[in-house]
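Chains: A, B, C and D, in written order; residue numbering restarts at 1 for each.
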């Protein structure tokens, strides 16, 4: 779960991802029916993971990032802006496919014991300067990234050591088993030891540069203006043949300006198109808007155990008073799908879909927009008119609009919702520090269920003492069931347990799911090949874009 | 100052007057109906003659000389004739007007400080007129300016030329102004209260310098002032104005000793005496402006001798003895007025 | 002597008569906007906060004269409701800074000497700090909202009054009658409030009227940047910002309506202030 | 009362500055010292104010998943745990050596972040200033000289001064970029020609209200000057009116116009903050706004100081120029 929507703090994928995408496709089809508006909304069948393969070369690909990357240091790469750039420049030990599946990249690995993994670094990989990628470099990168000053250090929380144990061998030992670590290796770009040590603190800045082994090389960065990367013609991996000679990134964060630039063809493409730019770009004759699968979503979380929202009737009323279809259409212009459960359909392992589906359908029905029912719930509750404070992050247009809609709809059933705008930093802090959210009853947060293992968010949110268990939810039965599920390795059995758990905590209704969002990509019609699922973030995404 | 200058009375007679103003009327057109400021004013200045134009503020005297230089703002409508040397000033072409202003006449203003550009040096000010109108070369003009300053009794003229107006005292600056007016060798000088804004201590000195120059060069002068004593002392002829019209005109000593109009007498009576300490006799009431007065005599409202006739019929300017007076009762009041004026 | 110096050019007097029409018209517009600010929510054809997602982003129609915004709210109703916030913001700024500025000016003028010189120095420093910068920083410190920019701009506008009022207060304090009152044993407080303040207040008033326009613009600019009033409050600067995404889809109504409201109000107040101050003879 | 004290003070000043040259020098020196003081005071106020702002920059740096130890370590590394005055002193002594610190979020030298953006903002302000001065002074002179055009000019200026930059930006984008498609709407472009094309609309939006201000002031200055009595003196001396206009009226009116223009240029720099946001230009204004939300102190202070310095430098230049150009202010009597 990531409170700050501008930021992707984790990007965990799973081997179930392929299946997942399929599930997501089916599901969104099921959910997007209904609604009287003839908005040119995305039919969920349109969710696309990648465009047809490109064949033609391009001189310069002009691409927009949602903001200027703060740094290109792989150890600090966590934002929408830096992710795709860094992962195009720097290979990880693993890499992703558009369907979220993982495959070995710079190394293969062998799990020798639950607390010991051995990576074998391939011997033909070279850095941009032609020197080989060695085990030394890999071990250096892992140990460097593990330093607490780097944002990605949390990945290494359980790592005891990473040592060179053979010519091409790096052995990683753990203080406790950590399956996620293996997956995260796609997100840790390997840097050259010699260059990195020399660059010191300047690594990944405009002046410090980088030395990696990816299909593109860092070229130039003029802060405030543009960032340019050029093709690495000696790229070691024959399977990846980049088509654009250079990629030039602009940093437009403003929706209006971005839509205009894309419309006029001044910029060829962009990921993470803001919702408000969607209607204008859907009409574009210059390029095409593509909606791709993603596991992100928006939730309204009740963040205090006290106050008016302590009453379950109030919570249930809020669930019913939220017109999720309208929000998906009006606020997200179709770039999102209504969502009714904490464990979004996108995170279901596809084989267990039949187990999850009935429970989800039940929730859908229970939480359908129903003003009359909500009003009855409020009337029968202890609610006395105290304002319910809903916090949103300043400058986040979609959150603001959702909040305003909820406020209006809540008013019609007698709930007095007050919107409180928090500065981004304060909002982020409030996400993990209870003292910073005193007086706040609910927060609109962007939810990132990156893993297809539903247990992960459940563990974060509903075990006593966890940072994100905002309402101090403490149900011994639920705790038991979670522990039970964690030890159950039969997928079906596990799924059944999770559904039971879900039934318990969803009855508590401390999270009001709003929508699951899609990755929105715009690409000029002259080009194709782009990865359009959120997997783009962990991939050398720009190596695939080329002329038709 | 109160002693009349015996040399002042020269050349009363001549063939053609240098400046002749006939039935001058001035009104402001941005009012509806237009506001009359000056009405039916006639006067002449002969070559070498000094004429004093006397009256309170608002009597229209400054407007009259501005009209004579064609310096009135666009919103002022002028009627009547103003002739200089037989030519109508109003009909001068642009270049003729420039030649008239730069060659024939010159003007000395009341407040020299506001009439000089504070950003230009004294020297630049002095020579600009003649240089800009191509009457003189710059170096010649410089020499002449230095010479004139010296004549004005300004020591260290070379240094003064490089100074700015704010570095000069008022009296000094007015002398510069006088020098400037003489640069182009004019035939007629308009002097608009040239000493009023100065310190009392330097007034007479500046006046003396001005008169000396006027007499040395035998120039005509139209001297505007509210100070009847001063005017009588330095001019040959006096024209007294009230509310935009001429109420009395005559030889300076006649008017000064034998005022024929109650207003002139009242002006004389209200001047402070230099020999006696006594309360000032002020003229009752407020000075009127031309557009405020009705059909009768403009002064009727303040005149102790006013009759019904005065209030209903405007008295024309008519000869009484050697002067011309606009008063119905001038003759019968002659003795009273003389008595009042010298009291 | 005479009250009217006719020898001078008479244009100001002549001009006054015709431009008084401007005074009346601008005053009427100001009054109208003020009325809308007070009663706008009552007069509005639709509830300004009422969302209607089925009718979002509509063009002008009989029901919605200027169409609806992205959440289906009636634009003209929001503009009317927004008048109140914009007006209140500018009003607080102007009143607060007028009070502080005038007090400071009279204090400085009355005490003179080093007090005056130092106050003047501080005012000069304050003049060197751009208002929008202070307002933006204030939002960072107090959090975005209504009060942060109001407080910041109030402080920023103080020198705007203080400078003008001070010079006329200094003139006033040097008047002989003040010395007379002082010699007569009248207290400083009484002289300052009863005499000096009374005589400088017309200038302060004219200054306030002119300041109102700039205060309105600055306040709206902070909202435009997203650092002032927050949604769902209707405010003109916020509406201009809100409508930006719809400009691209060829529906600029929201931005334009709110922008026009700002411009008309500011023009009216500027003209009114200008006429007032030239009547007082303190024309800039 | 005040007058006696003033006179005494004036005498004291005069006694100290002996002679004309040193009078000017004293004035210039004290103006410059005042300017430096202003900048120092502003930097301190901003530093202190910002430290009271809520929100922890570490939250932005490490994200929500970081451990408490990592947060504490980062906080210590950035020097955030030091007392306020120590931090200010460290900052000030480094700043005096030209080192404005390292950005928290970009982890790179503040100078490097500011420099390219400053160039963009400078170009924007320069273009707006040229527009503002040419149109403003041109219209103002016409309005000041010609009675016929005066009402037109004053109406235009009155309207222009009331159009906020962000409203102008919206209208310009709507008309010239979206409807007509003549200009690009965002960014700063690359290469001078491209940059100029990109910055046309922003510069127009930025210059409107200050241009109107300059128009009003220069119109008033020219009219004032044309109504001065020495102008009549000159006319009375037969000097051609063109020459009077050029050599006297315009030249003297230039002084107040210069003052107004200087203030307006300083205002443009502050206004750039809004325009850059409206047109999505990555200049120092946008950097300021984003750094404020990130609590990136080193950037906020450096950018604020840049703006304050521009203000102070411009006003100082005006003051000094006034003293040098206006003989009355040279203090020699």
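Note that in this section a contact is a pair of C-beta atoms (placed from the backbone, for glycine too) under 8 Å apart; a residue touches a chain by one contact, two chains touch by 3 or more.
Please read all numbers here as calculations on a predicted model, not as lab measurements.
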Note, CA centroid farthest from subunit D's centroid sits on chain B
Which chain wins if you rank chains by how close their C-alpha centre is to the centre of all protein C-alpha atoms? D
Contact-richer chain pair [B-D vs C-D]: C-D
Find the geometric centre of each of subunit B and subunit D from their Cα atoms only, then give the gap between the two centres in Å, rounded to an integer. 52
Report the inter-chain centroid distance for subunit C and subunit D in whole angstrom, where each centroid is the mean of the CA atoms. 22
Once you find the CA centre of subunit A and the CA centre of subunit D, what distance in Å lies between them? 42
Could you state the distance in Å from the CA-based centre of subunit A to that of subunit C? 46
Provide the list of subunit B residues touching at least two other chains, using ranges where the numbers run on. none
Going by the contact rule already set, what residues in subunit D reach two or more other chains? 54, 173, 178, 277, 293, 295
Spell out, as numbers or ranges, the residues of subunit A touching 2 or more other chains. 256, 260, 394-395, 423, 426
Seen from subunit C, its contact residues with subunit A in the complex are 49-51, 53-54, 56-57, 70-72, 140, 143-145, 226-227, 230-232, 244-245, 247-249
Which residues of subunit C touch subunit D in their complex? 9, 109, 111-114, 116-117, 121, 124-125, 127-133, 136-141, 143, 170, 173-174, 179, 213, 217, 220-221, 224-225, 227, 237, 240-241, 243-244, 247-248, 250, 252, 255-256, 258-259, 262-263, 266-267, 270-271, 274, 284
Which bits of subunit B are touching subunit D when the two form their complex? 69, 71, 74, 97-103, 106-107, 109, 111, 114-120, 128-129, 132-133, 164, 166-167, 180, 184
Give the list of subunit D residues in touch with subunit C in this complex. 1-3, 5-6, 9, 34, 37-38, 41-42, 46, 49-50, 52-54, 158-159, 161-167, 170-171, 173-174, 178-179, 209, 220, 227, 266-267, 269-271, 273-274, 277-278, 288-289, 292-293, 295, 300, 304, 307-308, 311-312, 315
If you look only at subunit D, which of its residues touch subunit B in the complex? 147, 228-230, 232-240, 243, 247-248, 251-252, 255, 326-328, 332-333
